[in-house]
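Can you keep this structure in mind? I'll have questions shortly.
Chain naming follows the written order as A, B, C and D, and within any one chain the residues start at number 1.
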């Protein structure tokens, strides 16, 4: 059962684009991560990392690029997620340009939790339901 | 005569840090640019670029690093600026960590305007006063 | 029919890592792109872009992350590719850490060619066979 | 007394440029750092960090931008350095474009050494003479 739809705003700056005129493809992964961090909560993520030594790691990312975002775009990052098991969350994420009729980029991102020794850990009790 | 003080918020994400645990030094230049773009106005910058072929370029940047920002920090980017001539704006910018007593990073950034052929142009009539 | 195996070396620098101690996940896409540009040839890519207005664009990227690379690693980026049609190249790419027994990261990247108006173009006659 | 002149090659990739068509200004700091790491030695830097918990940190960077590098440029990063004291190295660095008659970008970068608690440490006995 999927979550509610979450919206996150990402502004496209010079730093995000490349010389072809659109956002450099790897940077959409950054927008997706910022949205996920907004959902989990930066303070909680920071506490987990600095106090418990637990962090999230991407172990799979499937991306489709349909249209390039340009400098000045205010992007709507739309996210749903499924807690697939005690160890894994799957995030369904989309980048929407202003006035867009379909997503510019879509991604399915699989996350796990690792301790400081990069050992798998059960997902912490965070509000992902 | 300097401008008023402008505040801009930058969140520190995974993407901003390096393996030493703090924000990678080059990334403060990104925060400074985001703040300047907020001041000039993204829509106006986008219009200048896409319609008039005019963009801003950094031609000098002097940076001092006093303290490293960490993942989870909500940074306050403080900016003042001087229109030094018809061709040049000097930006005085600071990065403040939450609860900080002095700036973590300071920068003086000199900007000029260039056309698509990289020729110097007078600054456009934007609200920088 | 796949190509020969191509090797490209990528050095892991501070800029590539994040505060968890390993390479930031989006940056493997940069290594993959550098390897592809080495195969096609930077001079040819530059000529195609500056003289013919043709560039390559990623329209799909499927990534699996098995192990994190760390600062100081000299990575071996291994690439094979298939020219699937007149319009599409599929690249099978792997990141190998020094002494690794299996790839740290694997990716399947689909590329197309676009002109300056972002219209699909047949692949140029480059040495991809 | 300054060091000999050191040369380091940096290739300009898509990832380095922005939508204005030239290398994004913050990225020259990355080229400068790669050159410094080549001089100190990646293996030595890695050993210092992983075994002794010592890393280098930039505490000042003064940059001047004269000309933009473009996709396809093979840049020559020229570096000299002065060990100013037991605690500080000053690096004089330049970016040269192919066939350039003067540097495209110049930088003066001040480095110190920090331990894992971000405390100042004397520079390690590395071959910087």
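Rule of thumb we're sticking to: a residue touches a chain if its C-beta (ideal position, glycine included) is under 8 Å from a C-beta of that chain, and two chains touch if they have at least 3 such contacts.
Given the structure is predicted, the values throughout are model-derived calculations rather than measurements.
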Pair exhibiting more inter-chain C-beta contacts, A-B or A-D: A-B
Repeated interface matching C-D, over half of the contact pairs identical, chosen among B-C, A-B or B-D: A-B
Computed distance of Cα centres, subunit D from subunit A, in Å: 32
Where subunit A and subunit C are represented by their mean Cα positions, the distance between them in whole Å: 22
Inter-centroid spacing, subunit B versus subunit A (mean Cα positions, whole Å): 26
Sequence positions of subunit C contacting 2 or more other chains: 14-15, 19-20, 22, 26, 30, 33, 49, 70-71
Complex contact set, residues of subunit C against subunit D: 11, 13-15, 30, 33-34, 37, 42-43, 45-46, 49-50, 70-72, 74
Residues on subunit A engaged by subunit D in the complex (per definition of touch): 14-15, 17-22, 24, 26, 70-71
Subunit A partner contacts - residues on subunit C that touch it in the complex: 19-20, 22, 25-27, 29-30, 33, 49, 55, 57-68, 118
